[in-house]
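In what follows, a structure is listed as structure tokens, so that the remarks can point back to it.
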Amino acid sequence: MKRIVHFIALLLCSLGLIPAQAAEPVRIGYSIAKTGLFAQAAPSQITAYELWANQVNAAGGLDVAGDRRPVELVWFDDESDPAKSAQIYEKLISDEKVDLLLAPWGTPHHLNVAGVVERHGFPMVGNTAASVAVREVQPGNIWFSTSAIPDRIGPELAALAKQSGVKSVAIIANVLPFAQENLQFLVPALEAEGIEIALNESYPPDISDMTGLLSQIKSAGVDGIIALSYPADSFLYMGQAREVGIDVSFEFLLVGPTISAFSQAFGDFADGIVTIGHWSPHQSKWSRAKPFFDAYVAAYEMNPDYLDTALAYMSCEILEQAVATAGLDRDKLRTAIASSTFDTINGKVSFEGVENAVTPTAFLQLQGGDMHLIWPEDIATAGFSPR
Amino acid sequence: MSLLTVRGIAKSFGGVRALGSVDLHVQQGETLGLMGSNGAGKTTLFGIIAGHIRPTSGDVWFHDRSIRGLSPDKVCRLGIARTFQIVRPFAGLTVRENVEIALLFGSKSRDGQDILSEKAMTVLAEVGLEAHAGALAATLTLSARKRLEVARAIATDPELLLLDEVMAGLNPREGEDMVELIKQIKLRRPLSIVLVEHVVKALTALSDRIVVLHQGEIIVDGLPSEVVRHPTVRSAYFGDE
Amino acid sequence: MTEILISPQLAFSALVLGSLYSLIALGLNLVYGTMRLLNIAHGDLIMVGAYATFWFFTLTGMSPLVGLPLVAGIAAAIGIILYFSIFRRQLSGTDRVERIEANSLLLFFGVSVILQNTVAMMFSGSPRAYQFLDTVYEVSGLMMTGNRLAILVIAAILLTSVVLFLSRSQYGLSISALIQNQTAARVVGINVSRLQFVSFISGFALAGIAGALVSMTEQISPFMGFPFTIAAFVVIILGGLGNIKGGIIAGMLLGFVEIYVVVLTSANFRSMLIYGLFVGILLLRPEGLLGKTRRH
Amino acid sequence: MTSVFSLAKMRFVWFLFAGVLLIAQVPSILGSYWTLIALNLMMWVAMTQSWTLFSGMTGYISLGHVVFYGVGAYVVASTFNSIPLWLAVPMGGIAAALLALVVSLPVLRVRGPYFVILTFGLAELVKFSILNLETVSGNSSRLLFGTPSVEILLYCMIGLVVFATLTTLIVTHSRFGRGLTVIREDEVAAATVGVPVLRYKIIAFTVSAIVPGMAGGLMALKSTYFEVLQVFNPIISFTVVTMAIIGGSGDVRGPFLGAVFLVLLSELFWTTAPQFYMILVGLFLILFVIFAPNGIAAFLDKLQISRRSG
């Protein structure tokens, strides 16, 4: 019920009854999808931003090349419309005159905003964009922290499947871009690994029952299932796969399992599900990982999204460390982000062009209610365990 | 050669027969009365002639061309106008605008707004509604609406006018006025009329000839004087044995 | 292929989906049929029902099934507020039906926006879910998850009881009469506005219950309602607006088409075929499958 | 539509064109952000104006206007870099009109809520068909780099607004327009007095698809990323209907009033109360329908009358 308190506080704030932060704060702007198609994905990102801001302020403020200043988040609702998102960054930069920018949610928004930050020469560290399209973005003022890019996921996933002893797979894919991009690179990769594709079906985003699809998969008698799914259909898949009695050793869902609600809905049954993600609190090599996890759970009474929340928080850390050295000067900041190496909850991160050059494309598996990195070896926190 | 010829028109709605092979012809300039109890098929016949209803079989000729299956607006522009038993004025428009529309689309004339309004006023004068020209059609009394219905029909400058129970629901006085009105129209305009009416007095007063429809069949066709003497009609309308 | 087609598994899923469609359509039909209001906030009432159930369950551990009357009550309460604050005024007006329909479209659009964003503001947009009745029962090869079985049973009970109520009880008959013909109903001395009120809030209550059922199997979020609204409209149009039985049949039909089409063709064509079927049927039968032809 | 009001309307139209000229100055005066707002505003006006041309006048409320917008956007996005834009955008308009023409015959057979939902369903059908098309052809999303500047798009959009407004204006005062309005009044009666109902409906429906088609094409160029679900988003249809009804449909002024009102209103709330601006917008919609059920245009007329008489 924290939410309600929160909501009342916000009401009072916006009515100006509660005085806002004092003392020359650093204003950090971003747009979020509070409403519309992506509204249910956005919180995973916002919570990261808010948590980070609170932590920084609690620690006496943001280190701006030496002197500490409080941070103030400035955001607007982009209604899940990428065009509106671009509009908002235009406003944040030219009207609101914010000092720093954080990224919006999702690939379409990132790509639209890329044009704006480029035009204004305003550096921004991206997070939740995952598409080969990011490579076409002209480098300079935007960087993508993610390593979950389809043309890398394909081969890696195929390799993981191979290593996990998968001989034949069934693939079902949402027709939306991210899933289709993955499909495009996955199929050849699987063939290269000599894994037979027994079934390959796409389905529309508003599919409301998968029994037919799953029955076909069941009768195909495969030992691996790769569902290139979005959150809603990941839920649908889980619930009905269970009913139909799907029983394979390797089960992969693209987007969904990292969401806290997912494990709440399926509990133990979700155990063994593999998904994309390159962060886990269990990786002891990353000293910041566990503290972040604990702080998040304490603040929001739920687990962070292992992919989006982690990415969002990483981008904050990168920005924080860059500002610490370079201050708010955009050119200095740009060079700092482009050249330095950062210590994040996801370990060391540095950029080449627009891409994260360090973090490997990795996979998570739900094991005993926890998310464990199972691929690649060097960052794995557990081995793959068949369902 | 007659103005309107109906040949073997039959119509059934979902198996229920409304009209069974009706033959009918209307001569140039004549007023034909159509008589018959409720559900005899009078309105259905009007609907078929005016193009609102597709006949199951049979054909309708106007002058020397078949108008079977033409859309109502084409039929109208060919010169057949009809009124509805339950009047349907353009409630949101003024009385004058109602008539203007009919002039604009029904008649072949293509006048500017001013001439149009003038013409509309003359038509309204003809039916005695000029006083209400500016009023919204929705606000009219029933008898006024019936007149508007007639005005709109004659404004399309028809050769054949189908009047569907224009007296229904009117009190005797209004009824007589309506009879008078139709007589006047008939005098002023070179048109033929088919008249559906329950009020036998009005029917006989106006018609040159009367046809009696009974359960979708024509049972009598003759001069008013003959028809009122016909046994079936007497039993049906005057309740004699 | 064929053994999949004849497998009871598909039939079961089709029944579950169909009964859900029928249920959400029923609520909408009651509101439209009696008042000619296009309730495009219907799905959002489902969303509210889902959230209420979720919170009851997570906070008090109350079983969604036990909570059904409570959730129905909440939805009905919203209905009551809306009826007295907005819609009674709308209906008392002497506007043409088209106007009422157009305006109701707008009013409910507003209501929808408000509901969605209030919930989003209070509970955030993040998806929620809970575990309930998810043991899988097997009956001679047919596997049924508890919560899906529950959906089927409850929906079936509600549908039959409403249909019986409308066709047997005096009160129900007068509602049907009202749906058939407003003016006639007035003439025969039926207290129209009271009946309208009753079916208005029953429509809302049914939406709430549908939401409770949905929440047992799906993730819920503040903006989950729209697809349900659409489904409901597709169904009641197919069944013929205001035709209660027609709506139920159409709902079932849609459920079966959806399930079997995926198997027979490809999942990829699912939405195309659903809407294709919908458009197609309307073109062949402008008044819906079981609608009566209206005269203009 | 008595002469007094059409005079009032004419005057209003001059105001509008003055306003449009003013909006053309936005880029140079108010800068990039407001240019985007202006572009949106003009887009909504164009969309709503074109909607009014058919739905406003005939009373067939279409909830599928987005389909034309989406088709236009799709044409431009899919031919990007292979066909010059000055050609592609009009092609978008033509494609949309063709679609309208093809579906008009069957679709226009149904009335009332059936039509409302049918148009919606049709839009969804096209959306999913194109989505499949894109999946099959293996480009589920498209990048549009090197599109014309927002200023240029704004000027083109203003052009569309002028075009759409003039069309509606000419139509409302034409024989054709009067035909359409009586179709709204009573279709059967209209036919009986000789109004070619079906032909008129088809023409109006087809013409009303051109502008949204081109508007969609232009808006596709505004963003670097094209995704089918975005340009066929049903919310666009809802917004158009909302603006039309708020403004007062069946009247050339309505779309301007409706669009300006809603865009500025939400912009205002959106910036001042980001947490719950949508709720405020929702409330406003409701209050609006209750207190000005016939739209702003009618509301203004009322004021005019009362000023005259009082």
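For clarity, chains are labelled A, B, C and D in written order, and residue numbers in each chain start from 1.
In this text, contacts are C-beta pairs under 8 Å (C-beta built on N, C-alpha and C of every residue); 3 or more make two chains touch, one makes a residue touch a chain.
Predicted model only: the values in this text are computed from it and were never measured.
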Chain A to chain B, fewest steps along touching chains: 2
Common touching chains of chain D and chain B: none
Farthest-lying chain, centroid of Cα atoms versus that of chain D: B
C-D against A-D, pair bridged by the larger set of C-beta contacts: C-D
Chain C and chain D: spacing of chain centres that average the CA atoms, whole Å: 31
Averaged-CA centre spacing for the pair chain C and chain A, given as whole angstrom: 35
Length of the line joining the C-alpha centres of chain B and chain C, rounded to whole Å: 47
Junction residues of chain D - those touching two or more other chains: 128, 132, 135, 186, 188, 275-276, 278
Two or more partner chains touched - positions in chain C: 116-117, 121, 268, 271-272
Shared-contact residues (touching 2 or more other chains) in chain A: 10, 34-37, 175, 202, 204
Full enumeration of touching chain pairs: A-C, A-D, B-D, C-D
In the complex, chain A residues that touch chain C: 1, 3-4, 7, 10, 33-37, 39-44, 172, 175, 201-204, 206-213, 215-216, 219, 231-232, 235-236, 239-240, 242-245, 259-262, 264-267, 269, 302
Contact set on chain A toward chain D in their complex: 10-11, 14, 34-37, 75-77, 81-83, 86-87, 90-91, 94-95, 107-108, 111-112, 114-115, 131, 133, 136, 175-177, 180-181, 184, 202, 204-205
In the complex with chain D, residue positions of chain C that touch it: 32, 38, 86, 89, 93, 95, 97-99, 101-103, 105-107, 109-114, 116-118, 121, 226, 230, 233-234, 237, 241, 268-269, 271-272, 275-276, 278-279, 282-283, 286-288, 296
Sites on chain D touched by chain A in the complex: 31-33, 36-37, 40, 128, 131-132, 134-135, 138, 140-141, 143, 145, 219, 222-225, 227, 229-230, 233, 235, 270-278
Complex contacts: residues of chain D adjacent to chain C: 59, 61, 106-107, 109-114, 116-118, 120-122, 124-125, 128-129, 132, 135, 186-188, 234, 238, 241-242, 245-246, 275-276, 278-279, 281-286, 288-290, 293
